[in-house]
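Next come two complexes, and both contain subunit A; in the first it sits with subunit B, in the second with subunit C.
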Partner chain A sequence: MAATSTAFAFEVAPAIAILPLASFVIALFAGKYLPKGGALAGIAATGGSLLLSLWIALTVAGGATYNEEIYSLVTTPNSFDLHFGLLLDPLSALMLVIVSLVSFLVHLFSLGYMNDEGERGLPRYYAGLGLFSFSMLAFVFADNLFMSFVFFELVGLCSWLLIGHWYREEAPPSAAKKAFLVTRFGDYFFLVGVVAIFATFGTTLFAGPESFPTLAEEALAGAGGGEAGGGAGELSTFGFGPGTWFTVLGFLVLGGVIGKSAQFPLHTWLPDAMEGPTPVSALIHAATMVAAGVYLVARMYGFYALSPTALAVIAFVGGFTALFAASMAVVKRDIKQVLAYSTISQYGYMMLGLGAGGYVAAVFHLMTHAFFKALLFLGAGAVIIAMHHRQDMWEMGGLKEKLPVTYYAFLAGSLALAGIFPFAGFWSKDEILYEALIHGLNDPLLLGGYLMGLTAIVFTGFYTFRMVLLTFHGEPRTHTARNPHSLGWSVKVPLVVLGVLATVIGLINMTPVAEATGLHIEYLHTWLEHGIPGLTVEHYDEVLETVAGYSAASLSPLLPAVLSLALALAGAGLAWALYSGPDPDHHTERLGDIRTLLMNNYYQDEYQVWIAETFGTGVARLSDRFDQSIVDGAVNGISEVSLLSGDRIRRIQTGIVSNYATLLTLGLVVLLLSVGLAGGWFL
Partner chain B sequence: MTGGLGVGVLQTAPPIGDWVALAPVLLLALTALALFVIDSVDPDDASGGGALAGTAAVGTLLALVAAIALLIAGIGQGQGGALRLYGGQLIVDGMALFFTVIFTSVATLVIVASYDYLRDRVYQAEYYVLMLLATTGMALMASSGSLATVFISLELASLPSYALVAFLKDNRGSVEAGIKYFLIGALSSAIFAYGISLVYGATGRLGLEAIARSLSGGTQLVGILGVGVLMVAGGFAFKTASVPFHFWAPEAYEGAPAPVSAFLSSASKAAGFVVAFRVFAVAFSPEAVVASVDWTLAFWLLAAVTMTLGNFAAATQDKVKRMLAYSSVGHAGYVLIGLAALNSGQNGLVLGASMIHLLVYGFMNTGAFLFVALAEYWEVGRTFEDYNGLGTQAPIACVAMTVFMFSLAGLPVGGGFMSKYFILVGAVGTGHFLLAALLLINSALSLYYYSRVVRSLWFEEPANSIGIEGYPLGLYAAVVGAAVVTFLLLPGIFLVSDAAISAASALFV
Partner chain C sequence: MVAVQFYLLLSAAIFCIGLFGILTRRNVLFFLMSVELMLNAANINLVAFSFQYGNLTGQVFSLFITALAAAEVAVGIGIMLVLYRNFGDVDVTKATTLRW
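Right, the complex of A and B next:
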């Protein structure tokens, strides 16, 4: 009985992604005729996905896993294995629940943000949300890297559609293009990586004995054991040592990750993406697009764990991004801009966690962040509705009394973001830093990442509470802030749900408490321990130790926890001291040149535009010339030749049968002569 | 007599009756006879059109169902090997059944479309009878086990075709095309028969497997055998409209009634290929033959010239039907890659790829010609410009035509994309990079002239307002049906690809 229900659960699992696809089709073609512009179809579909995801999670909790091919694109023998399949294990089951929950709440919130505000193009909007959810869910349960790539790109397309939703204005289309192009830059590397992995392993499966992480591990073991003709001999590593080559492959895929997860230096698209509707920002930042990059690293962690170089780079880039983005968030005036930089910074933490060998910690932070960042964005959306679509925090103030539900939910999210005990972000961020510290004591690159991550805590505490104080505390600074728009239930319900989650979800993996008391309360750790062999925490730890040479210093988690909490409180306290009055000053102005630098985001956009204009345009001009003269020349040449010779051929076709008979006979003679000569009949 | 279908697969001497294995052929022949009876009872064509078309369509459909059923039941496939009937003169195996499916599908579509096309014309019964007899001949070609049956069935398929091309007796173009087709056909048959006699002279055998056995130890008469083999190849080149035996094709396809063009360019071409596949794969494949008579080189040349010439000529045409005629020559070139790449180690794949392409082509090309039939029915004219703005008048048919055009070009809106991909994989996998490159270049060129049709249909303004009278049900059903199958073969290609590749591999066991 249990077996059949398990099998049935896995049979219907594709519906998790297909339901939002159906809502996409419905909203696109019938949205005009439906009440609410297709919103209800989207809500029903993502609600259904959520229920199915929970069912799958329960099934997976029972110890079952699933790794099957469902549709093969190419069935030719001797060809690459291009197929779609399902991989349902604890990681993907967890992510499915997160994505479908956030997507469901975002749909619900959109009723208040889009429908009630009388926005136009609602069917297009809900179609985009549906396609977005579909792509991300399918990306999450992909069983091979090729399928991941397909849906990774679809996710990118959807973000382009949704960020540019208000395409009649000037900024959104430009922001959408930027998001598309910048992430596409990273995706080039990803694409090359996928092809290279195919060429190396002949497969891109994530799990199972034939998967590429397993093959890579065997190849390394074979090479290490001194058997030249062993595992490594069967794989073509293109003249490199297997270890080096796997690092190269890891970096190629990492290109896509850095673009999508907005890591330095490809983070510049994300703040601009704030031009999209706020619920879309919540979806992009919490559960879909940006999460896709980090999820991909977690999905193929068994492969990255083989390469200490790749891991160290991931950790260092992550730590740097965390600090770098947090510093820029300090001076922003726009509430969504603050959140945008906080997103970049938080994903930096996740990368730090993954790079430092803290797989559980990173997945934990991915989860808590999904909830509290969705909460903060939806909270900001609520504020924006109330403020009649004004986003400058200096025009707000004193909203605490007018919007109590939003305030308390937003506060919970902010406490989680800043990492204040006992909110969700505290536990997960602390665990990442702890992992970075214990592994980093033996590795300077990791230690550098750790120190940057630690410093970023102060900034995070500061900008978070600056945002809270400017928005909700003090006296209202404008007329709009004195008379805010009221909020409907569809806005409040998601806030309450996420507020509760942001407060308590951290309790599922209280590592410091577990260490201190000896209780087995690290539920997430336990959750990720079972599953498909080769995709479990134990396996990753073992590989990290034996192949990557990671060793953990024995250190109590309590002291680092206290340290990071103290730093967060220090940052928050500084914000409180500066901005808590009824009418706070523009303290950041006093930073002078530094403020200008930060306001301009370290001139990242400028130098990237400069690079693009100098080198990009140069290369583009060269390739244009190549295209114009050589490619077009060849094409024009061919078409001219073909039209000309086509004319000749028409002239051969005279319409006179005896000519045809002659040509036919001559043709046969030519054929006889050539084959006869080749076969040597005349010798 | 009837020993159960499933049991037959496992035994070398299957206990099913000959008539069961030959059911598709017999059904086609019986339908032709039934049409004779109907016509003699009620000779009034104008009133009896429906009964004639209906009987013919039911007959071909039954034959189609029978062929599919035999294919699924595994008759002549699997461990038992091919069924050899009448002393090996006829062979029923996966390949024969697969191609019978193609012929009967095309015939069904064409007959359904002809119901409207032939309305108010005389000699309808003769038309359907000829078509069914030609289909019977093609089905026999697919099953031929010796050069004698190959020749007879080829003539049985050809002779009705000549008459069909000249069916519009009052139309100068139709009659002229028929005469030319017949004359070239006679010349080709002569070459073919002479080739058979030379092969017989060199081996003393006519049965395909017997020829292979006799040649397995090599032969002293290399020159005689070589000339014979190439002349036989010439006979097939005529049937498949390959250069330089293609001259009849543009004229016949253009002059003939459009449904007949559809029938000839799809089914007749496939029939030429199946018999070529069987003869060359079974009879002439022993290494001793290939070493001295390198017929793969001949097919290599034919493939290269045929696809290039066909596509280049198609690019300069003004009339849609003539463009399709030349594109049909070009597609013969693509399929010839399957023969050119034989004996390079992956016979099942390359031959299977060609079979899959012929199947897909059967639907997309038939559909395209039937759309032309629809245009002729509406009398909108024959050139690209005459099709301007049809998209607004008949959107459904034009969507179907768009699917055909893009699928023929090899874009992924229909099965043509996958089948061309299979051919490409086969060519690359066997190291025929030049043919693969030619395939790509020609496909790119073909996109140019195929998309001209699409542009006319959807994006051009009509020069003068075109009035379309009526939406003929039969033609529409056939066009839309072909489009649906063409489209479904894109995701569903794996349903047929395994059958094709295993049927092709079975020839080499």
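Right, the complex of A and C next:
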């Protein structure tokens, strides 16, 4: 009985992604005729996905896993096959629940944000949400890198559609294009990486004995741990040592990750993406688009764990991004901009965790961040509704009394974001920093990442509470803030659900408490321990230690936890000291040139545009010349020759039958003579 | 019994006469007659080899060719009539509109 219900659960698992796809079709073609513009179909579909995901999670909790091909696109004997498949293990089951939950709540919230505000183009909006959820869910349960790539790109396409939802205005289409192009720049590397992994291993499976992480591990073991020449077993490493080559492959795939997860230097699209509707921002930042990059690294962690260089770069880029983005969030006036930079910063932490060997910590932060960032964005959305679509925090203030539900939910999310005990973000961020510290004591690059991450905590605490205080505390600074728009239930329910989650979800993996008391309460760690062999935490730890040479210093987690909490409180306290009055000053104005620099985002856009214009147009001009002269020249030349020779040769069509007969006879004679000559008749 | 070479010589001669007719004559009627000669040259060849090897297939084939020639003449004379109607002549060098 148990076995059959398990099998049945896995049989229906594809429906998790198919349901939102169906809602996409319904909203697209019938949305005009449905009440609420297709929203109900989307809510029903994502609700169904959520229930199915929970069922899968329960099944996986029972110890079952699933790794099967479900649809084959191309099969060639003896070389490679392209297929779609399902990989359901603890990691993907967890992620499915997160994605479908956030997606469901975002659909619900959209009723209040889009429908009640009388927005146009609702069917298009809900179709976009449906397709977005479908792409991300399919990406999550992909069993091979090729399928991941396909849905990775679809996610990018959906972000383009949704960010540019208000396409009649000037800014959203431009932001949508920017998001598409910047992430696409990273995806080029990813595409090359997928092809290179195909060429190297002949497979892109994530799990099982024939998967590429396993093959790579065997190749490294076979080559004696190293750099001994080109061939490693049957694998062709293109003349590099296997270790070097695997690092190169890791970097190529990392290009896509950096683009999607908005890591430095490809983070510039994300703040602009705030031009989209706020529920879309919540979806992009919490569960779908941006999470895809980090999830991909976690998915193929067995491969990255083989390359200490790639890991160190991931950690350093992550730590740097965490600090870099947090510093920009400090001066922003727009509530959504603050949240955008905080997202970049938090994903930096996740990358730091993955690079530092903290697989569980990074997945933990991915999960807690999904909840509290969705909460914060939806909270900001509620504030924006109340403020009649004004987003400048200096026009708000004093909303605490008017919007109590939003305030407390938002506060819970802010405490989680800032990493204040005992809210979710404290546990996960602290665990990442702890992992970075214990591994970083033996590796300067990791230690650098740790220190940057630690510094970013102060900034996080400061900008989070600057945002909370400016928005909700003090005296209302404008007429709109004195008379906010009221909020409906569809806005409040998601806030309450996420508020509760953001408060308590951290309790599932309380590492410092577990260490101090000796209790086995690290449930997430236990959860990620079982599953498919080769995709478990133990395996990753073992590989990290033997292949990547990571060694953990023995250190109690309590002291670092207290340190990061103290820093977060210091940041929050500074914000409190500066902004808690009834009518706070524009303190950041006093930063002078630094503020100008931060407001302009370190001139990242400017230099990237400069690079694109200088080198991009140069390359484009050269390509154009090549195309115009050589490619077009060849094509036009061929057609010229054909035309000219056709014009000459057609003259033999005289219309006189006798001439044709003569030509026929002559042809026959020539044929006979040549056959005869070749056959040797006349010799 | 006559050796097969002589039949072949006869056939080649008749074929060449037919060919000569087609290349030199301008009248469609002569064209048709020349084509008949060439077809029958082929028939002679078939019958001669059939006789040589004692295999009837060649003779059967020549019957087919005769039938085909009859059909061809029917079509050919039809074309000739149309030609005359359109150009007022049966001279093949006059009908030169079907060209570039």
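The rule is simple: the second predicted complex is superposed on the first by the 625 of 683 C-alpha atoms of A that agree within 3 Å, B and C clash if a C-alpha of one lies under 4 Å from a C-alpha of the other, contacts with A are read in each partner's own complex, and residues count from 1 in each chain.
In the analysis below, a residue touches a chain if its C-beta (ideal position, glycine included) is under 8 Å from a C-beta of that chain, and two chains touch if they have at least 3 such contacts.
Bear in mind that the values here come from a model prediction, so they are computed numbers and not experimental data.
Novice: Let me test your reading of the model: by the given contact rule, A:S72 touches which partner, first (subunit B), second (subunit C), both or neither?
Specialist: Only subunit B; A:S72 stays clear of subunit C.
Novice: Of the two partners subunit B and subunit C, which one touches more residues belonging to subunit A?
Specialist: Between subunit B and subunit C, B touches the greater number of residues in subunit A.
Novice: Answer with first, second, both or neither: which of subunit B and subunit C does A:L666 touch in the superposed model?
Specialist: After superposing on A, A:L666 lies in contact with subunit B but is clear of subunit C.
Novice: With the two structures laid over each other on chain A, which partner does A:A553 touch: subunit B (first), subunit C (second), both, or neither?
Specialist: Once the two structures are laid over each other on A, A:A553 reaches no partner at all.
Novice: Applying the touch criterion given at the start, work out whether A:A678 contacts subunit B, subunit C, both or neither, answering first, second, both or neither.
Specialist: In the superposition, A:A678 touches subunit B alone.
Novice: Now for A:A61: first (subunit B), second (subunit C), both, or neither, which partner does it touch?
Specialist: So A:A61 meets neither subunit B nor subunit C here.
Novice: Is A:V657 touching the first partner subunit B, the second partner subunit C, both, or neither of them?
Specialist: After superposing on A, A:V657 lies in contact with both subunit B and subunit C.
Novice: So which bits of subunit A does subunit B touch that subunit C touches too?
Specialist: On subunit A, the overlap between the subunit B and subunit C contacts is residues 650, 653, 655, 657, 661, 665.
Novice: For subunit A, which residues count as touching subunit C in their complex?
Specialist: So the residues of subunit A touching subunit C come out as 650-651, 653-658, 661-662, 665.
Novice: Once bound in the complex, which stretches of subunit C touch subunit A?
Specialist: 19, 22-23, 26, 31, 92-93, 95-100
Novice: For the complex, which residues does subunit B have touching subunit A?
Specialist: Answer in residue numbers: 179-180, 183-184, 187-188, 191, 222-223, 226-227, 230-231, 233-234, 243-245, 247-248, 250-251, 292-295, 297-298, 301-302, 309, 311-316, 346, 349, 421-422, 425, 429, 441, 445, 448, 493-494, 497-498, 501.
Novice: Residues of subunit A touching subunit B in their complex?
Specialist: 72, 74-79, 638-639, 642-643, 645-647, 649-650, 653, 655, 657, 660-661, 663-668, 671-672, 674-676, 678-681
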